[in-house]
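Quick heads-up: structures coming right below.
Each of the next two complexes has subunit A plus one other chain: subunit B in the first, subunit C in the second.
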Partner chain A sequence: MSETISGTAQSPAGRGRRPGSGRLVGRVLRQRALVAWGAIVGVIVLAVTFAALLSPYDPNTGTLADSFAPPSWEHWLGADRNGRDVLTRLLYGGQVALLAAVEAVGIAMAVGVPAGLVIGYVGGWLDRILMRLVDGVMSVPFLVLAIAVIAAVGRGLPNAMAVVGLVYAMSVLRLVRGEVLAAREELYVDGLRVSGAGARRILFRHILANIAPPIIVQATLMFATAIIAEATLSYLGLGVTQPTASWGSMLAEAQATIRQNFFLAVPPGMAIFITVLGINQIGEGMRDLFSREITVGRLGLNVVRRAEPERAVSEPVPSALPERPVALEVRNLSVSFPQHGHGRVEVVRGVDLRLHRGELLCLVGESGSGKSVTAMSMLGLVAHPGLVTASSIRLADQEISGLDFAAMRAIRGNRIGVVFQDPLGSLNPTFTVGNQVCEAIREHRDVSRRQARALAIDLFDRVGIPNPAQRFHDYPFQFSGGMAQRVMIAMALSCDPEVLVADEPTTALDVTVQKQILRLLSDLRDERGLAILLITHDLGVVAEVADTVATMYAGQLVEYGPVAEVFAQPRHPYTQGLLDSVPRNEASNGPLASIRGVVPAPVDWPIGCHFADRCDFVEEPCRHSPVPLTGLGESGRAARCVRAGELRLHGISRDRLDTHAGVPSAAGSGTTP
Partner chain B sequence: MRTVFVRLLTIIPLVLLVVSGTFFLSLASNVDPAEIILGGNATQEQIDQLRHEKGLDQPALERYGEWLGGVVRGDLGTSIYTGASVTDLFMAALPVTLSLTVGGLLVGVLLGVGLGLLASVVAGSRLDRGVILLSTVGQAAPSFFIGMLIIYFLALKMAWFPATGYVRPSASFGGWLHSLILPSLALGVGVAAALARQARSSMIIALQQDYTRTALSKGHSRRRVVFKHAARNAASPVVTSVSFQVAHLLGGAIVIERLFALPGLGSLTIDAVLRYDPNVIQAVVLFAVVVVVLVNLLVDVSYTWLNPKVRAA
Partner chain C sequence: MTAAHRPTAPDDDVLTVEDLWVTFKGGRRRPWSARTLVPAVSGASLFLAQGRTLGLVGESGSGKTTLGRAVLRLITPDRGAITAAGFQLDRFRGGAPLEYRRAVQAVFQDPLGSLDPLMEVRQILDEPLRIHFDLDSRQRQARVRELLEMVGLSAAHLTRYPYELSGGQRQRVAIAKALAVDPRLIVLDEPVSALDVSVQSQIVNLLDDIRRDRGISYLFIAHDLALVRHACHDVAVMYRGRIMESGPADRVCGAPRHPYTRLLFDAVPEPVPRAMRPPRPARRFDAPLPDVGTGPTPAGCPFFHRCPLRTQACATAFPAPTAVPGGGQIACFAADRALAGGPSSTVSALSR
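Up next is the complex of A and B:
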């Protein structure tokens, strides 16, 4: 079957952790569809089992007077050509179907599970040879195989279903073998070397716990296909022999008289359909129970809606670079996502940002602060259920909030370029980098293929890719992380944008490369008057390149100002906490050593200061009411703290930052004590 | 090209294994073709006589060698029952089955991948749920029941298509197409159902990848993002799934040929089983294995085209 995706839905982390039995029952009951289909299949099984009690007729004899009798009180579903009661034949036919399926699935389990366990456990050459054999058997269409075997050993349903069972055993074997290999790996990793009887018992118990859910699901789905297999074989005359009723043979009989009486095809056809559908639904319902839910997101397109002016828009904070023209100004940007049981939850709340031409503004904060979402939301790149609102987003002199998808296309990639964190994942692996850069150019510029190529090669050259004309034809996987990020930067700059958004562009890179990329960005800023919004959690990066810095905490901007001043004397305790955590391992996104606790989840944000639970300076007024972002009178500084005026925070000394950012070997290697 | 050649060499043992298996299976059988041909009242002498004529009294290995030698030369032996050349029977039936399976594959791929793609871009919507429902229904209904419904409504009630029978393309190309539409539909629905699911889930995964976001950030149209960037990446698992479906189609063709009275390999096989004609069955098994193995090879080759990383390796 085609369950490649859902079959692997069980995440590796979920392996071996089963829901407690009490919770499992609860989840079963919550899945109403599963219960309903279980009931339907249950009724079918009961009716079929007690066919002799339910029906007064003999399935194989009829009175000719009743030939083709329409449905009536005597014959609920009518009678067939030979005057036999259709409902009775349907019930007895069901016995044949269920028994055949039990046989096939039973054989599949009895052969497949032990064989898989042994092959997976022994491994080595036995594994290799037998898996070849399994591949061989599985390469023959099962119906053809069944026919070949029936031809040899003689007709008869039990023979045929035994073949079906053996074919199924192959896929059970594969599944079990895979689980055994995975379990061995896992136990090995856990330091439990498998040796001796005790360890072997642990291994098998562990494996059985892991394979039970997928095996149960597989067996259920197999049961459904076995019913179809039985019907198919009997339909072809290779299964049950006349006059025994089977759903398949009933359909074959109905087909012979389809011109006189079509109705006869309906009961057996629907019997197969409903039974198989029901069992399939049960199987899939169980799969959903055992595996974690896969969230389904739609194409990441979410235009920015114009916010209703319900929330009082605060006074704009004074500019830190008043002499320069504004490139991008965001007012009151909020992003919310629906969350189960909480309605819509805001993850970004009322953010104001101003970016000038030639300015590099760093947006800093721990993960979970909402800094990435903020940047993506301005471009309409927030994933499906997200909702983005803003009072205003101005790009130079154009209002871009409220624009629809089509209108935003002229902005994205053209006037605002984006560089993402993981350059290799962000480039399409199936196209050459040249193709992808030219594609961006030709999306916005009316140039020929040849001109686009020349432009792209120039850009590659500018961002420091050696042999640009050759590398043009390479695929992303042929690039190192740093080179791939240069490609991304070239792509983002390909249409000469006014604003560049760079979302943690150096986090995935090693320290030397990191410095080169940062230098490239700041050169581009100076050279082109580019306004750059650089998102990072690394204050070393900020010190190195930023003109201004904005700190975000729990969905809000908490401090803003020129980088030298903010670093010398922060006005918000959270900024101070971030500074105290320098130097920090670039790769780490874990809790900060300098501030206890972690960023609270959006549903838990308090009414008052969001930072209150982690703040060393918290006082009663902090928790009262929302704290506004207030201008501090000095040159474009602002903070969201009740005590901003009175606190004297010590900031960070220049040399501590330099050690971090200036000497590559000192940080980022992960070996720094 | 070289790798394709090497792969071709490695599949020979696999094919040999399966066909030899079938051959010896038929030898181990307790059914004696001679008895069946002569019927119940034949004397032991008559049976022995016939066994000798047909070469059934030769030692097993000798018969095997002879048969295999014939296969290599393109001679699949003769039908014990009619004495006709199996190669001739086979070649007469092959075009029918090929037309039907290709038709079914077309229906399955076009309908399945189309619906899957559509569902993936509107994941979670009512349309998406509709596609999922259709696919669930398509997977639960046996092809011959779907076929009977199709015959009843489109051929008998509406008389738009012939209910049964096959028209050779050399006789009438239009008639050939016309005679194949309903069988291909009946055969393809189940395939479409399976492929729709696969295409939907691989597309949903591709649409959530970073490169999709990048493509959007470049200002491309939705169509370009979906059909160029995501679809190319989602293609590999779908192609794999198509290759599974080919085996499924070959088996399904047997049933559909019977339903629509098409004189293809399926009908040949069923007749052969019912009257016990081992050479014919071996020929069909051989054919099925070769097709499946070749399709797998084709799929592997397509990976190298779909995935540049494989190409470079």
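Up next is the complex of A and C:
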């Protein structure tokens, strides 16, 4: 199981949690259905195994006096035509069923897993020939095969189940081969080859362990079908011979006497039903167990709730562009996720943002700073367990916090457009791009198909896609990353939004293409007065296009202001640290500057300044109490730093200013993690 | 093909790549037609000396990673000679021998994907020791701790799984794993691209310290041009399988000569707001390209369709590298014109 917890908002690093089996047990216990069904199947298996201890009767002999006896104290489930105790036969029949299933699944695994591993890893001609053979075997119904084998080697349940096992082996082989083919492309396999690991070590020690979960699930589900197969074979007389009890043969006998006693069909029927259902449920439970855990930062739908007025709302940040109308204003936005063992953990805390018409605001920060979650939460795009609250989110003159799903949907795409990092992943590969843009237009506007098409082509032209009328009919795979991002921007613009939110729109693109997309964004801002919120980690991008910049660190806004002023003289040491860390195209002198340490996980945020542990200018007051984001009184700048007034940071300038007496001259260059 | 930029004497070479060609099989245009061949690396040559770092930069699809994989013998090239740490790779039958794996190691871009997710850090570091050396478990344990210390991690990280570490810590583990066998050459395939800037520089500094201490050489594959200037002694710029320009890092990054390299460096955003930049001539990216009366051919220069300096010759042949002042070489027929402009006139040369 290779679970990942995405680094967007929570980093599980640190904190001495012991990994390993203890946690797996914990996760199993949280799957209540799995535990319940496991208990039921466990009771069945135990009862069946110790049948001889539980029942005083012999399964194959009875007294005629008890023939068709109804359920009673002596015979809990009655007796059959020959006076044999039904419960006893049920228990012994269960032994047959379980042994037969163990045989079939055992053969399937013993043959299918090694063969699939080797075929998948070696590939080539061996793979092609054997897979056609497998296809051939799988196209024959197993019953026909079983009858043929029984005719050749003689009757008996073991022979019949061996055939079942071989047929199952083919599907196991297929599954394992497919998993190996996928795993072979994983980077860690390359890593192992470079380490000098041989094929056997890679296959059996590494790949097998990594693909074990789907195989275990498959084996479990197969066990259930093997029980049915055994019952079917015995019912048809191809399995156990009289008078041995089996659930299938009991059903056959019950059918023969169904006119005399209807009830006899119920116990074996229920036994098969409950056992198979239970095992299937266990298989499903394990599938859930092995699948990746829900990650924070994944998109979902979630409304923004109005914050209760418990937290004092800080003073509004001064506006950097007071003369322009406000397009989007966010007050006191917080996002929290439940985390096992910690209750609700805030990953974004009290963010205030103001975006004006024709302004491009960049939200920067390291991964784990909460910048993406902030933007997505305003749009109601945070995954389910997340809780988003805000005192107010105003879109021009409309309050949008507290709106329900439907109302938010009308706003998203209509008044706020969104562009994501991975353009090709955001487009549906099975439809033409034109089709998808038209759909977006018709979703929000009442226009005909033809009008939508004309609008879409016009938009394609506007975002700089050459030959828009022809490209309209192309599929996403026919677009390069840069062109696909233009399509995404066209789609976001399709309803003439007032605000565009772009989450790392150029991170996946080459620099030359990035430059074109950034140019397009700034043109849209200038020409249409679009307000753009651009989330990025690249300070070069910020310098290129931003009017204003907001730095986020560990869930909080730590600095805000016009980009030229912030970059020339930041007021927060974190902004300075980021600026120092960016490699510049200049002759190298000495080691690159960096910020020591890592962003703390949300559960580890200190009471005082979140940056205190990594800061070179930290003093006692920094750690005492939460630091507010304070306006600095000059052209709309603000910083969340106790020492914002006294520190003189050098910004992008290469000659470092003297900070002030007794403090190190620059943000750190430590190397310990 | 003439030799590529060679900054040092040949006996110091830890890696030489000469006229390397790699093609991949693509799909079929029609069901009955032969599979198309996609060229990934076309006649690339490189030299890397002991204790130095060679940066290999280019955009996606330039073939830089493929070249690195050929050096690691994860793929077999069609043509060309690679000699690494004294091994001639074309003499290998099938996979590389263990001796080669001891001499040449790798660190990949995505440290989460490149470490077996089911293994704890100590198992990850233990494995190469088991494969390559005959040590008892106490010796291996001691060595694992030593490796962790070397990369700035502590014993507390021994029992962590990769997903429990931060990106930077994971990359430190990947570096420790590569160092376990004491290699002479490490192929670093985008080792810091997935990391935050602040962590990026920590890792680059760590790699540089290790190189200095142990005399290792790095083939540093990257797309961040400014970073490469800090992390490398020499740089080779690739575009669509061809090496366009190579030379000392300061010269290539400070005064790029090839029209492609200039375009590339011009596109790198610097963290200097527009208002604070020195005045520059207006950029013209959409300037019409010269019409030379012929279209591009597969044998020609791959930059032909975007090049402002193109000539008729560029369409049909790829030029041999020519030396440039300041060190290094460019592969350009218009070398004389390309040389005319200095770094400051980059833009004017392009829009001319």
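Here are some notes:
By definition in this document, the second predicted complex is superposed on the first by the 462 of 673 C-alpha atoms of A that agree within 3 Å, B and C clash if a C-alpha of one lies under 4 Å from a C-alpha of the other, contacts with A are read in each partner's own complex, and residues count from 1 in each chain.
Here is the rule we use: a contact is a pair of C-beta atoms (placed from the backbone, for glycine too) under 8 Å apart; a residue touches a chain by one contact, two chains touch by 3 or more.
Since this is a predicted model, take the numbers as computed values, not measurements.
Applying the stated contact rule after C-alpha superposition, one finds that A:Ala256 touches neither subunit B nor subunit C. Of the two partner chains placed by the overlay, only subunit B lies in contact with A:Gln281; subunit C stays clear of it.
In the superposition on chain A, A:Ala407 contacts neither subunit B nor subunit C.
In the superposition on chain A, contact is made by A:Val541 with subunit C only, not with subunit B.
Touch criterion met: A:Val598 reaches subunit C, while subunit B stays clear of it. When both complexes are overlaid on chain A, the residue A:Ile607 reaches neither subunit B nor subunit C.
Residue contacts after overlaying the shared chain place A:Ala564 against subunit C, while subunit B stays out of touching range. Residue overlap on subunit A between its contacts with subunit B in one complex and with subunit C in the other: 1-5. If you check the complex, the residues on subunit B that touch subunit A are 14, 17-18, 22, 25-26, 28-31, 121-124, 136-137, 139-142, 144-145, 148-149, 151-152, 156, 194-195, 197-198, 201-202, 204-205, 207-222, 225-226, 229, 232-233, 237, 240-241, 244-245, 247-248, 250-252, 254-255, 258-259, 269-270, 272-274, 276, 278, 281-282, 284-285, 288-289, 292-293, 296, 306-309, 312.
Against subunit B, the residues of subunit A that register as touching in their complex are 1-6, 132-133, 135-137, 139-145, 147-155, 224, 228, 231-232, 235-238, 251, 254-255, 258-259, 262, 265, 268-269, 272-273, 276-277, 280-281, 296-301, 379, 381, 383-384, 405, 408-414, 417-418, 420, 422, 425-432, 439-440, 443-444, 475, 477-478, 488, 491. Of all residues in subunit A, those touching subunit C in their complex are 1-5, 7, 11-13, 16-20, 186-188, 190-197, 201, 206, 209-210, 366-367, 481, 510-512, 514-516, 518, 537-544, 546, 563-564, 567-568, 577-579, 581-588, 591-596, 598, 652, 669-673. Subunit C meets subunit A in the complex at residues 59-60, 69, 72, 74, 95-96, 98, 101-102, 104-106, 108, 110, 112-118, 120, 127-128, 131-132, 152-153, 156, 159-161, 163-169, 172, 174, 177, 181, 196-202, 204-206, 208, 223-227, 229-230, 249-250, 253-254, 263-265, 267-276, 285.
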